[in-house]
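The data blocks that follow each hold one structure.
In the two complexes below, chain A is the common chain; its partner is chain B in one and chain C in the other.
Moving on to the complex of A and B:
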């Protein structure tokens, strides 16, 4: 049996993965293990493959998104990106966060969907630059301490983006 | 010369023997059954050549139940005992039903307001589950008659936006009808399968499905037999019925105005009149698909005559808000899938209500392309369900089909302050499992109440409560010291089960989320018993037939597995499994259903280690580029 999510999809455990390979291998695995393949199978087989199909979905979702992929890479190193003892953030990043939150609150108050859409785009640009940093830190320098800081930022930004999306939905 | 081998009835001899599997579209207005004949999916017709079975159930004074056209013909004459659009009530309590005043049934709410509603008919109280089961029984009989054999199982379609309570209710109805449910399949996904395979379509497609009572929109990525749902959204209480209802309200207004102008008195409508006018409204809607105006004429029970003319323009104005109402879920689905309209290769229209020109135009305007309508919007769901059923029972299809569907609504738990903590977000690919840890609020707390919710809103009161259960026997600890892990698992039918476990003590509570809206296991058993009635022998032969079918299916499945993978286990293990197969094959020839089921369990048990070995091998095999087809040879 495989040891981790990357091995499950025959991928090297690094940040910069080939998403097309991930998707192709995910589909190949589901083609073998999906519950639809075991509808008339004996109960033990049904249950085991149901768990495997669940795991494959979880693994795929984790690796597909940069923030969860980075967090998972750190977990493989025994590092928890978001833990109670690990929440220090540089002041400038916190300021940036507050600024985004303010734009978000204003956008909601003024019901300006465009402002919120723009904010998502702005954050996307930031996310891109963080991803480039993570390729360097994880895959080249193997500097997991710095990678932890950047990962934490990425997670926070993913959260802000989610919140903006929810806000837009409520305004529709 | 070799002699042809003939197997025992109900038992399969060769591993590749064709099994009878059907797909059922259990619709609000019409229901259909389809099957795959020599590689082609076909809708089965009744003896009069009708493919569509009106989803109408009538309870006759004689105690007989009629379903379909015959029942439909009597709906205005006997509205109280003739149930139409029962799907709208599935998994619902009385407080969920809007516009009750315009529905001519005698509803009875149970004392517990969270329980499913019931309808008072002359045959007694009936739940929507029992009424739906009548429709399913009729389709099952049609299939058995035209296929001439015992069915291995059925795929039943449900609106993608059905919640857990509605899905569970549908599955219960199928069980009551004596069907082995292979899978609950989402209607838009079924349509995508029929469309995609027929047109060898590749790319991202939108399925816009406006049925009689439900609206779904699903976005799917199609690649070489894989149908991956990227996002789904909808409204499980919006459909063609609402368009009828708008016309009905308009007619009422017209009548009132005319009465007032002539200084007469407007008599409130009775149940017959309500049903009659609703029927006339539906006919007017259908007429307006190809005509500029529709005349609505009928005589009411007080002798007054209704004669009004509705123009297509008026109809458009009356229903514009309903059409607009479908666009909001569409936009949400597009957003969830992270797509723009330029990413959409095609939009497939499904459901009879998409015949209305204003619906087509709205879809065309939104997606900036002409929607695809080359498959019959009434039949495409059943056709897709049959294809899936055929694949699920292991009949070979040309391509290996893989459906990756999602959960339509978020699932969560109630936390402090009446807020919902989401555990599984909507649009998660199935099957999915998530765990979340909770802790106690007070020192020495030994029990915890867990409420399971479904929906997108933040407040418990705005979401649907699926179940409430208690975890008891938590060892007394300081507040915040206990660790209660709650695990949600949603299976490929989209059905949820929840388990809770206190981590330090191992105290465990498991619940299959049988929503309060569904039936309890006891109720189902009771209903099954009473439906078999006095015909004890009928019940026995049915149980025997079912036991044989399931034995046959398992034997075939294990034989296929052995043929493919016996190298994964030792000869001793292999012999042990083969011995169980022989035992089961022998017992299946007897008349003892209980013994057959026991032997099935025994075979199940014998395959434990083999199943584990196959699971371990499956992943590496998947990525080594082989698939089961090649290995099976």
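Moving on to the complex of A and C:
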């Protein structure tokens, strides 16, 4: 399989993709490779379509979320955004992360769902701004070095948002 | 995943949690982060006039291994010179805590935090020398 994830869904390899197209083309592939259609097919064919179904699912999940989409765009350029040996991030960004983690910890301890909901909103604003930067860096300037820095931030944000959402679910 | 006894010990009784006065000219701060797991680590060291680390504090948000790695290095740092501190390798941390391969990056974070804190104190000292 030489196709990349974007090609699989007939999308241009950009950060700012048409989510509707992604959705529609994913459903199309899903319908085509549905196991029910190959009940009587020979085994090698079944396996082939099972692989395609798995690939489509993986590709869809990757492209659907902005953080993983950005990370994948960098991978296509041969850049690893989350290399374990790269731990340098801007200090003010990390300070902010630490503050949010503190609010999260206190929110869980005090069972303050409202505080956590507000935190999610605050983070959403930041995420939006990072995404706008990525459209500019990936799609307009093709500045993959700067895009890597912003992508690392976005991955951080996705992780903290996810942790907050889980905390809210547990408190509800 | 099962944590080693040493990780559990540091995780349950972390040493030297807290902060030092970041405006103190003898205090260096190192902040590092790992996007993949969302870990953030802050390490602060206080250095005396002989270049020996007198105190070390940390604050880490992350998994047990990240907390244990930073707790352990604060113990190691006290009494060492900043050059000795800079020479600490993540493999020593990983070995001491018996970290599994998937948690090696936590020790990398701790090593980099030390290096960042030492770089910060050196930059502060240089700035002070130039101002004098």
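Here is the rule we go by: the second predicted complex is superposed on the first by the 170 of 172 C-alpha atoms of A that agree within 3 Å, B and C clash if a C-alpha of one lies under 4 Å from a C-alpha of the other, contacts with A are read in each partner's own complex, and residues count from 1 in each chain.
Rule of thumb we're sticking to: contacts are C-beta pairs under 8 Å (C-beta built on N, C-alpha and C of every residue); 3 or more make two chains touch, one makes a residue touch a chain.
Bear in mind the structure is a predicted one, so any value in this text is a computation, not a measurement.
In the superposed model, A:142 lies in contact with neither chain B nor chain C. In the superposition on chain A, A:33 makes contact with chain B only, not with chain C. Contacts of A:25 after superposition on the shared chain: chain B is touched, whereas chain C is not.
Once the two complexes are overlaid on the shared chain, A:124 sits clear of chain B and of chain C alike. Touch criterion met: A:48 reaches chain B, while chain C stays clear of it. More residues of chain A lie in contact with B than with the other chain of the pair chain B and chain C. By the document's definition of touching, of the two partners only chain B reaches A:8; chain C does not. In the superposition on chain A, A:111 makes contact with neither chain B nor chain C. The residues of chain C lying in touch with chain A in their complex are 31-38, 40, 42, 59, 61, 104-105, 108-109, 112-113, 116. Chain A meets chain B in the complex at residues 1-2, 8-10, 25, 27-45, 48-54, 57-58, 60-61, 165, 168-169, 172. On the chain B side of its complex with chain A, the touching residues are 152-153, 182-183, 223, 226, 228, 328, 331-332, 335, 388, 391-394, 400-404, 428-433, 489, 491-492, 553-554, 556-558, 561, 603-605, 607-608, 610-612, 614-616, 618-619, 621-623, 625, 627-628. Residues of chain A touching chain C in their complex: 81-82, 84-85, 87-89, 91, 93-95, 97-98, 101, 152-153, 155-156, 159-160, 163.
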